[in-house]
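First chain written, first letter: the chains are A, B and C, and each begins at residue 1.
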């Protein structure tokens, strides 16, 4: 009885029109947000939420669905940021084209990184990705052409969609980052329902069993990494054009890789909404504490990480499925109560009880 | 001559790496969990030694026993509070439980103690001596000697004492050990205690000559992962040899190619090793 | 008619231990072939060799005359050999249906089609009622049934079953025996490792016996039961004998 109920979440019971309505409201909110909140901070906040939700969603494809824990995703972010910026500085190539080249290079990196590392299981793979990330950071830091440790300024060009630069307003950045998030989320949605999505989950659950069913696990891991890395590289180009300055410490540090997966893990890995939920919670938290404690300089900057760290430990110990898992558990608890109420009502001879579970 | 000098420096450094790696390896060998907070515990030990020296004038050499014990207790506490709860959890939860702990400790240090670089003021062991034309820093020498002693004690403990053998038995076959009445939880807790005690000793010894800052543990931990993978996950003698190899690689590549690239080569060695011999040099599987 | 599967002198060593010692055998199309032997005789190792999880140190393996020695497990699955594991390896976090869909996706790209096929298979194996449950929540018997369903969903020509009946009660064993017969009715050849003697004696057309990695008998069940060497191999080994 409860087994049956557990399967049907409240959202599934929402009527079709309710869902459409919800979608319309959400869309209106997202589209209208920059016109309601015109200040730079709320817009900046939302842009960062979108960016990190997108990065975490991209990480989620590899880490959440396919079960390969990467702690080196900053490599792809850095590839995106550096490729478009270097091409713009030296060859005056449009950042949009730079983004495309960045994605292509991220695919090359996928083969270089994935081919050897995917032979490693579990913890070994995680450590190898840390090593790869650090190698990339050290290389770029010592590469004068790429600005070395000093970094690179994105040349200031007349603002506009063509140049991918906006100096007087953040609104275009808002929509571009929203689009990025939409793109990777839609991709994930399709993946979930495709053969690749099933295969990813099978590989995560038991690679040997997956092989016994004819799944070429190496190839599918590479596919997951390729998709994941490509979107992460796009995020890197976006970041470079948004901040207009990049250096190894901002686009290639281990901490970036860490935060990307923390967002996903906190929200709930292997779920469509987890990374978005994670970003909605974590980014305001980190931006808020950063602003609030700005007076404290470097020390203040660490406060959000204290909270991150503690949250992650608590989550791993008590709710490894993340906020999504927590939410589902609450939902189930509610539904069981609704069903009890219904049962009680039926006993009293009433017809139905109004509740989230009723039609 | 300069090459020989580097070799000596590399070995000295490698011995300290070996001790840090031994702690990590011990834990992994017991329960197949990588302690991703290893470097942060090292950092805590370094700060511990620093603050006792600054606030109460206790030289690191004298606070060494204290911090060894404190780190041991921290290890036991970490096991019972966190690790014991994720032993059966998915790998993701295992990775992130210690990873989150590391982020937490490091940012805590940054928050309370600021990101500044610090040095223990005028430690007892300082300066350098000349042996056969080679210059050796005394603190480095003391650190590596300390590491060798700690290593030897660890090895004797594991191979010669009743408890140590129980620890080894648990590491080799958890179920079989449980059958002969060894409480694996107690062994795991002990493993964490000893693992972090190793880190505590290394941290205090390093504090004599190393800059102390919140992120200081990170490269050490990375090197320890490399050493453990190189030596074979779970193998303590493997960690010893690998630590020295890595110390040599680091110093020699720093000398021959450039100091900026020294870690690069350490990581390259790691990648090459795990791809060609995933079980490491001394791996059991 | 050539054999469906043919092994020529297949050997597999672990250090000094010879787990499979020059084993030659044939599996005929449409039969139910049993593989028995005391614990540690090398049965699971042989299945690992056939299914590609181990590469034999020497010897060759042919499927319908085509050599498959040393191919990867995924390639061998594509060739039509499906298997179950001695310790069940279902995808715990996936539902029963999704587990089976993963198997069915070997022969089609379309998830819709795979789903249709998976439902049919689950109906056949009797798990349809439970198809929305998480695999982790099933009983042991149902988990084994699910692993079997998942393997069937790959449309195999040969099914390797490694102790699918271990840990089942008599009623469940009877159901499993019926299921194996029904699988053969579908035209799938079955090669089964089993410890439960009464089951294997009744269900198999022919039985091969391993002892210390060597093949010591290859005969119909009636003769196996009276074979001197087999009885000797089993002395001191606790096992279930029919009657």
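Basically, a contact is a pair of C-beta atoms (placed from the backbone, for glycine too) under 8 Å apart; a residue touches a chain by one contact, two chains touch by 3 or more.
Note that this is a predicted model, so its numbers are computed, not measured.
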Remaining connected clusters, assuming subunit A were absent and nothing shifted: B | C
| item | value |
| --- | --- |
| Chain nearest the overall Cα centroid | A |
| Subunit A and subunit C: spacing of chain centres that average the CA atoms, whole Å | 42 |
| Interchain centroid distance [CA atoms averaged], subunit B/subunit C, Å | 47 |
| Centre-to-centre distance between subunit B and subunit A (centres being mean Cα positions), rounded to whole Å | 33 |
| Interface hub residues of subunit B, defined as touching at least two other chains | none |
| Contacting residues of subunit C [partner subunit A, same complex] | 51, 53, 72-75, 77-78, 82-83, 85, 89-94, 98, 101-103, 105-106, 109-111, 114, 132-133, 137, 150-151, 154 |
| Subunit B residues within the subunit A interface of the complex | 28, 32-34, 82, 85-86, 89-97, 99-108, 110-112, 114-115, 214, 218, 222, 225-226, 229, 233, 258, 260-261, 263-264, 267-268, 270-271, 274-275, 278 |
| Contact set on subunit A toward subunit C in their complex | 3, 7, 193-195, 198-199, 201-202, 205-206, 208-217 |
| Contact set on subunit A toward subunit B in their complex | 63, 67, 69, 71, 116, 119-120, 122-124, 126-128, 130-132, 134-135, 138-139, 141-142, 254, 258, 262, 265, 269, 297-306, 308-313, 315-318, 320 |
